[in-house]
Amino acid sequence: MNVDIFGVYFPIVLLIVIGFLFVAVTLLVTKVVRPNRPTPLKQQIYDCGENPVGKAWSAFNVRFYIVGLIFIIFDIESALMFPVVSVFKKMQEMGNGGLILIEILIFLLVLIFGIAYCWRRGDLDWVKSYHVNKK
Amino acid sequence: MFGTILFICSAIFTICGAVMVAVSKNVIHASIYLLISLIGVAGLYLTLGADFVAVTQLVVYVGGVVILMLFAIMLTGGADLKVVSRYGFTKDPGMGSLKTYVIGGLTSLFMAIVTGKLIYNAVINTTTENQLNMENSVEQTVSKIGTLLVTKHVLAFEISSILLLGALVGAAIIARPVKLGDE
Amino acid sequence: MENTVVSYFFQFDCVKDFLARMSESLGFNVIPLFVVAVFLLAILVVIGGLALVGGAGTLAERKISADMQLRYGPNRVGPYGLLQFLADGVKMFLKEDVIPTDADKFLYLVAPVLCIVGVFGTFAVIPFSDGFAITDLNVGVFYLFGISSLVGVGVFLGGYASNSKWSLLGGLRGASQIVSYEIPVTLSALSIVLLAGGLSFGTIIGAQSNLLEQYSWGHGLPWNWFIFHNPFTIVGFFIFFIGALAEANRAPFDLPEAESELVSGYHTEYSGMRYAFFALAEYIEIFVVCGTAVALFLGGYNVPFKIGGDGIVGQLLQAGVFIGKTFAMYYVVIWVRWTLPRLRVDQLMTLCWKYLTPISLFNLIGCAVWMYLFNGKSFLQLFF
Amino acid sequence: MFEIGLFSYLVIGLILFATGILVMIARKNIIAILLGIELILNAAALNFVAYSKYSVGNLDGHVFSLFIIVVAAAEAAVGLAIVIRFFQIKETAHIDDAVLLKN
């Protein structure tokens, strides 16, 4: 009577496959019933009614990258924190709560230092990024 | 049964994604193929019973690294292939030419053969007697990893926070926009 | 530890007997078939139900907004306009599918798929009841954050692939907003994981069932919820809720699709069914994040006084309680949308990085210290 | 049906590694080279987990691959920052333009 041990992951794979199928089948079905009369004007990109000038794919502002950068550091941090935090209760019951608390605090304080530095240097500002070093 | 199917599908995803990264001509497409390949690797982790590592792969790569790559691609001029350098002479397109592919192919083939030989020798000499019982390993990977992180590998855990601090501060300094009148 | 719908059914002897007899009479092992069938059925029910919720969400949004602005709202199709969303769906079906000539065809196709897959993947761990969660992974919460980050990639690619300036701006804004607000959300979820001592939704909700042992009648009543566990979690709930609003691109954080500045944001160039995928993903994601907030902070599926017991009736009641709480949250989300004005981009980023993230870091430390000092007791347990 | 064992995972890791090397050498766009590096690091992490299951029998391999993921992400963050800085100065992301140690 043993259910396959991968049974717990099976529904995830199934859901992802069904997600793909959902999109594919719906697009196929609509292909049958919908009209299809493309004209060059209709297939133009919307640019407030004017003819579009140039491509949209151009270099962008660097602040998006800074946001992504701080995000990824905290993302990794949370990935490392999740298992540690989930054993806190168990460790507390075993009497090692103080030790693990100190470990968590050190880990977090180092990162708080990092974000405090970024805050101080103005990396967290969205608008003022260019006037940081004026003083 | 399901494990086998999952393994085969994930392997196909991984390898096809990696190969498409190597051959696609558009760097944004390449990063999407990288995403597919990384999801395949996460599937392989699942077949190995490493659920936490698989989900970490998903969180860090899919949510983090790929988005960061896409941002960086947008910041460096999108997928435009600048064939002509600003000094005026033509050079290889950004996604490689036939010459680079031949050289790269030969090099990677050579390294693959050498590494494959090493792996083969290693596998022949490795006993697979004491492999984990699947039932137990899936049960509590998270708390086991957590316990390892706060006991045996605590130094690596704390040092990784220093590494992250260094990466954050360093990358923020490097990527900070150049000020007018600063130089 | 890891429960699925199938393992719920396997605890009944009659199911086991039935399967054993079927295997004998048919001459082969029917258990794998049964497992697949149950999973498929459960998944189809959940997807169907949530697609309905997504469709009805558009109607609810219009009706509630009309209610708040003393209008009627849609009232022509069906009684009280209840069938309006079906009419909208049919219209979407019959719309022409325009792909701009300059668009990147491959990415244009991939982007809605990523959004849909990212949202559908989260269904696997939504805890409707302690037996009827499709699967209760022991990395549940973390998995939910991981798979839903596909939506961010989908939004970015949707904006990029269209090759329109509005779309690209919307996509960039959307991606940066989704990733930045993921930090406060994850950090508040971390503090809950710390208090519950496990990542699976089963553990987290089980920890909110009954805190005061001597008053066992108080099962599932509000004081057991994690939101009232200690002062930090109250703040944590609001941070989580604000972050969840921003992650689902809801007003007042709907900058990626701000009509008045970006036409329609990252899906400006999408039409017909492809647009419907984005909209569906967005409306279902609201349900998912509300469900997550309910599971983490508001007691999840715990039925007050444990009415219904553990049988099938109890399971249905639990699902009812969970869905009811989630719909209440859904109402609050819509209410917020029609009450608050939209933020500017710089205000959005300031709110995330200078207020929510430091507060949630402080919260996490506070919860850890509370856990250590009071041995995991809740505020109430200190007095009773 | 073939038996899934340590060897299958090592072969997949090998293919990933070789493809990563190919990407690193063949590509001229710096970001594409970083994509190759990610592939190589993933191959290493996969091998760690595979050995952890089939040979060692404890979860140290999982922890190691966690740290590999951490280092890979940090490396990607810093690497991309360097690329962006390079692009700000040279207005190109082509590896052949990075020939000077200064400016």
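Letters A, B, C and D mark the chains in the order given here, with residues in each chain numbered from 1 onward.
The working rule: a contact is a pair of C-beta atoms (placed from the backbone, for glycine too) under 8 Å apart; a residue touches a chain by one contact, two chains touch by 3 or more.
Since the structure is predicted, the reported quantities are computational estimates derived from the model, not experimental observations.
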Check: What is the graph distance from subunit B to subunit D, where chains are linked when they touch?
Finding: 1
Check: Which one of the chains is closest to the middle, using the mean of its C-alpha atoms?
Finding: A
Checklist line | Between A-D and B-C, the pair with more C-beta contacts | finding: B-C
Next item on the list: Could you grab the centroid distance between subunit B and subunit C? Build each centroid from C-alpha atoms only and quote it in angstrom.
Entry: 29
Notebook entry, point to check: Can you give the whole-Å distance between the Cα centres of subunit A and subunit D?
Noted result: 20
Check: So, what's the distance in Å between the C-alpha centres of subunit B and subunit A?
Finding: 16
Next item on the list: For subunit C and subunit D, let me know how many angstrom lie between their CA-based centres, rounded off.
Entry: 33
Checklist line | Two or more partner chains touched - positions in subunit D | finding: 66, 69-70, 73-74, 76-77, 80-81, 84, 87-88
Checklist line | subunit C, residues touching no fewer than two other chains | finding: 2, 32, 137, 142-143, 160, 172, 175-176, 179, 182, 198-199
Next item on the list: Would you give the residues of subunit B that are in contact with at least 2 other chains, written as numbers and ranges?
Entry: 1, 3, 47, 51-52, 56, 59-60, 63-65, 67-68, 71-72, 74-77, 138, 141-143, 145, 149, 160, 164, 167-168, 171-172, 175, 177
Checklist line | Chains touching one another, given as label pairs in label order | finding: A-B, A-C, A-D, B-C, B-D
Checklist line | List of subunit D residues in touch with subunit A within their complex | finding: 66, 69-70, 73-74, 76-77, 80-81, 84, 87-88
Check: Quick one: in the complex, what on subunit A touches subunit C?
Finding: 1, 3-4, 7-12, 14-16, 18-20, 22-23, 26-27, 29-31, 33-38, 40, 42-48, 52, 55-57, 60, 64, 67-68, 70-71, 74-75, 78-79, 81-82, 85-90, 92, 97-98, 101, 104-105, 108, 111-112, 115, 119, 124-127
Note to self: Show me the residue ranges of subunit A that touch subunit B in the complex, using the header's touch definition.
What the structure shows: 4-10, 13, 57-66, 68-73, 75-80, 82-87, 90-91, 99-100, 103, 106-107, 110-111, 113-115, 117-118, 121, 123, 129-130, 132-134
Check: subunit D touches which residues of subunit A in the complex?
Finding: 59, 62, 65, 69, 72-73, 75-76, 79-80
Notebook entry, point to check: In the complex of these two chains, what residues of subunit B are touching subunit C?
Noted result: 1, 26, 28-29, 32, 35, 51-52, 55-56, 58-59, 62-64, 66-67, 70-71, 74, 138-143
